[in-house]
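Shared between the two complexes below is chain A, which has chain B as its partner in the first and chain C in the second.
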Partner chain A sequence: MSVFLHFLNTVLIFALLATGLNLVAGTGGMLNLSHAALAGVGAYTAVLLVMKAQWPWLAAFLAGGLLAAITGLVIGAVTLRLRGDYFALATLGFGVVAHALFNNWISLTRGPMGIPGVPAPSLLGLTLRSPAAQAAYIAVVLALAFLTARRLARSPWGRALRAIRDDQFAALALGKPALRFKVEAITIAGFFAGLAGAAQGFYIRFIDPQQFGLNLMISILVAVLFGGLGNYWGSLLGALMYVGLQHALSYIGLPPHLVGSGQQAILSVILLLLMIFRPKGLLPEPPLTRPAKAGEAG
Partner chain B sequence: MDVALQIVINSLVAGSLYSLAAAGFTLIFGVLRVAHFAHGDVAMVGAYVALAVVALWGGQASVGTMAVGLGAGIVASMAVGVLVERWTYRPLRGAPAMQILIAAIAVARLLQSILQMTAGSSIQMFPIAQQAPLVIGGARITPVQLTVLGVSALLFTGLYFLINRTHLGAQIRAVADNPALARVQGIPVERVTMVVFACSSALAAVAGVLQGLVINIHPAMGFVLVLKAFAAVVLGGLGSIPGAIIGAFALGLFENVGAWYTSGIWKEPIAYLVLLLMLLIKPSGLLGRSTGEEVKL
Partner chain C sequence: MTEGGRPLLEVDQVKKAFGGLQALQGVSFTVPRGAIFGLIGPNGSGKSTLFNIISGFYKADGGRVLLEGRPIHGLAPDVVARLGLVRTFQLARPMKSLTVYENLLLAARRQPGETPWGALFLPQSRWTPPAAAARAEELLALTGLDRVRHQSTAQLSFGQQKLLALAAAVMVEPVILLLDEPMAGVNPTLARRLRETILTLREQGLTFLIVEHDMEFIMGISDYICVLDHGVKIAEGTPVEVQQNQQVIDAYLGRAEIG
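On to the complex of A and B.
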């Protein structure tokens, strides 16, 4: 049971990360490689506010999301001047800066030693200590994020974002302020990432810079691409499959010194094959307009 | 005064390493419009192969064994670079940039993990004898650092002649300018692309081996090196080889000045903060003309 609940919590947090990335990378077509670092910003903010400033849990949790969103906004405003793949590499640079901050701002973050003894979330006088209670609140957050992201992607705002992704100049010619839409998408996704990072910190009860590095970034990316860019059910499916795969890999019994690099090798091969043979993932992005059925009016 | 000179020397050494990687990165971007993220890991393969070859003789490396090791490393990197082009970029011709970049990241991570499994994840150096540094105007420079400066100067001279004075160079410039038009003119675009990957990978191998001589090598070095190359390329201006080289030396200078006044641990973030400032002030880079590829709104 506890194995299952751990699995469930991991999937939920992962799905939250993937949902955010999908809004940026799928609907928005921007490969924001600082998404994992934004989760780290959320985690450190929320945990430090609770532990050092004695903020109530919910306020700290939301503040984590908010600071990650603001960080996303700054990153977007600066790096979106670059074309697609150079934008991605520049955001990766931001990830490195964030990692260096977590590692070197030792008076605040304790650096590579990490912050142990993170208290369990407490809400309205209830302490969410059990994995089941944690899974319940994270599921609520995920459900809200999922509905928001899907609603946004279908809204006029989302349609404009997709138009900008598919043909920026045409969208500009139609008077859509491309940069503003893109920055907004990164900001919203940053909010989701921050919440996910904070949720992870309060779940594992320990945060360190390593958790929010390139490995996490690639894992989220694999989950989103597995499921299908622009398809939000796909991100949930991708998160489930990715975490499942990770658990499966830990059972095949690689020698200890090869576990990390072996998993990395297998994931890299999967990612490479996905890109070459099935770049759209398992579930394709839903079309913008429903094709009219025969006999249907309007 | 000697502090300033010392910073300049350190910056020149760092800039030489970065520029060798950045030149190849920008050359590949020029012909394929691809951000070759696996470039740093191609350099790493060269460095580790060179290390393995030098270790065959045991004991300390001499100039001769280092040269043989470097040769082997260059061949290995060229082979890996060309294979990455053949098996990853070629099937993805015409695919969206994001898809190609993700594939490149996957290749980079694969190379890194293979290396980690075979060579371990510890930090290694080439077994060379400690040499007394030369003192110039109060600043110190080791013979190995001098070698780095000499080798990169030599290679850039060679690269200049290759690009600007040979038939092959003219073909490369034609492909970079307009691949479709180059094909119409009868230029074998695919073969030129392969040659560009081979040359760039050879330069990367030299960067990797030189890094092993003056600093160290480890399985994560590819990631660090390619981000440095990228930062240098953006600093100098996309797609311009002189820009990439100037950007690399500027990056080395910023890093070393920053590291001197703060502390070594902030060296990496300083590089990206400089990049960020550059993007804010002049997104097309120091030498770059606006290509219309970066979006200004």
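On to the complex of A and C.
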């Protein structure tokens, strides 16, 4: 398998995860730490539906997104009454519960052994076995997610979500049902996360609980912060940079026992420098409307 | 409800305690439709608490609040606002990441683009009703904020932020506006503008309930005034009646006999 195509697939999946998290954490200002777990829900749902229920790939893939969205909706409805740090902690708790479920519901998930032998996606009689074909369909999904998220963020819906992020009390006083907007954002982002998790499962052809743990959560968050909260081009760039750095660091010849921790240490330092010198990320959140052309909504 | 006889807002025996402190001990008053109603009292008299209860931000321990005859106590603040009772805050709270114009559009009701479905599948031209955009233009002109319409709210002066808060509240199409110290910290020029704006909006049919410390302003603009002290209503009437009330004078100037 070509190194470049593997890199490309990893970036595309990662960018899909980052785009979803950006809608919640960037435009919505909610630190949802269950995003990686939602990807896991999507992955297990889609893979199991194909392998155990013989669903057609596309239906299973979409069902993965849908169940992750529903899970997001439930998490949002339960935790969004909490504020700030408490919300983040509660969603982290949900992530831990999901992880425990993947690990311990052995009859369904095979626990830590994971599920090997996941079949390649097949669509309209075509089997998307090659990494190039996989990259192509994931790119289409990413493009749709990107356009959806950006249009939402620029719409009156996104304007209200930004306002709730700025000052929830003031938004309530203007009659905006804050909870509704926030739950909708988490649900939509959950759909993207579920699709990303499913895409990863069908790409690597193996899923296990570790893929969707805290490590992934932190990585997505770093990519979104890297690119810039609230900027959707930034999430693509952040994903590219993050995965790029990670790959680059694997070539610098660290001794084998230091590869993992060394990479993490170097990435942490880079992130720290970024937060100090560019706290809004590489690309800051764009204004809602550009004043130059009045009457035309950005 | 019949429009003629029934008062627009009825506050009935509202009680609230914070721990051992009786912030409100059964306060009642009614605001007639079309009136400017002043709510005054020394610091700590319970005005802000009452504002927060009426607008749904606090739950009362007892009593009722009726808007056009309909009970609104216990409803969430956003529901109260959509029923037509909209408040501003003592420190204006404009949305920092939105421009002046976007702050106004944000506040408009019934925007098809405010659901994910509408945002994704309706053309941009149908995201916000034309009437809302037109009303925003009117309010920009009325408040004099049209010159700064595309500026971030962070660049506004304190007084401009208060004008914006008033205009945004009007965008919600309220039947009654609750203003929390609209004059505090506003320079004289903008204060005049604010006053004129309030009077114009009243002519357009709005009712006002205003908490204010600036006595000259509140006595000059109000039709009726209610005075609170230590969570109790101590006087109510026209500005002239209230100013001559001995209890009110005592409350403001201090009472030698009470420790």
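Here is the rule we go by: the second predicted complex is superposed on the first by the 283 of 298 C-alpha atoms of A that agree within 3 Å, B and C clash if a C-alpha of one lies under 4 Å from a C-alpha of the other, contacts with A are read in each partner's own complex, and residues count from 1 in each chain.
Keep this in mind: a residue touches a chain if its C-beta (ideal position, glycine included) is under 8 Å from a C-beta of that chain, and two chains touch if they have at least 3 such contacts.
Keep in mind that what you see is a predicted model, and the values were worked out from it rather than measured.
> Return first, second, both or neither, reflecting whether A:204 touches chain B, chain C, both chains, or no partner chain.
A:204 contacts neither chain B nor chain C.
> State whether A:159 touches chain B only (first), chain C only (second), both chains, or neither.
In the superposition, A:159 touches chain C alone.
> Using the superposition on chain A described above, determine whether A:73 touches chain B (first), chain C (second), both, or neither.
So A:73 meets neither chain B nor chain C here.
> Per the contact definition in the header, classify A:264: touching chain B only (first), chain C only (second), both, or neither.
In the superposed model, A:264 contacts chain B only, not chain C.
> Output check: A:287 vs chain B and chain C. Expected answer is one of first, second, both, neither. What do you get?
second
> Which partner does A:174 contact after superposing on A: first (chain B), second (chain C), both, neither?
So A:174 only meets chain C here.
> Thinking of the overlay built on chain A, is A:272 touched by chain B (first), by chain C (second), by both, or by neither?
A:272 sits against chain B, while chain C stays out of touch.
> Which touches a greater number of chain A residues, chain B or chain C?
Looking at chain B versus chain C, the one contacting more residues of chain A is B.
> What residues on chain A does chain C touch that chain B touches too?
Overlap of chain B and chain C footprints on chain A: residues 172, 177-178.
> Spell out the residues on chain B that touch chain A in their complex, using ranges where they run on.
34-35, 37, 88, 91-92, 95-103, 105-107, 109-110, 112-114, 116-117, 120-121, 223, 227, 230-231, 234, 238, 265-266, 268-269, 271-273, 275-276, 279-280, 283, 293-297
> Help me check something: in the complex, which residues belonging to chain C touch chain A?
Interface residues on the chain C side: 55, 57, 76-78, 81-82, 86-89, 93-99, 101-102, 105-107, 109, 111, 113-116, 118-120, 124, 127-128, 150, 168-169, 171-172.
> For chain A, which residues count as touching chain B in their complex?
Residues 25, 29, 31, 78-86, 88-90, 92-94, 96-97, 100-101, 103-104, 168, 172, 177-179, 214, 218, 221, 225, 257-258, 260-262, 264-265, 267-269, 271-272, 275-276, 279.
> Which stretch or stretches of chain A touch chain C in the complex?
Counting only chain A, the residues touching chain C are 148, 151-152, 155-160, 162-163, 165-167, 169-178, 184, 188, 285, 287-289, 291, 294, 297.
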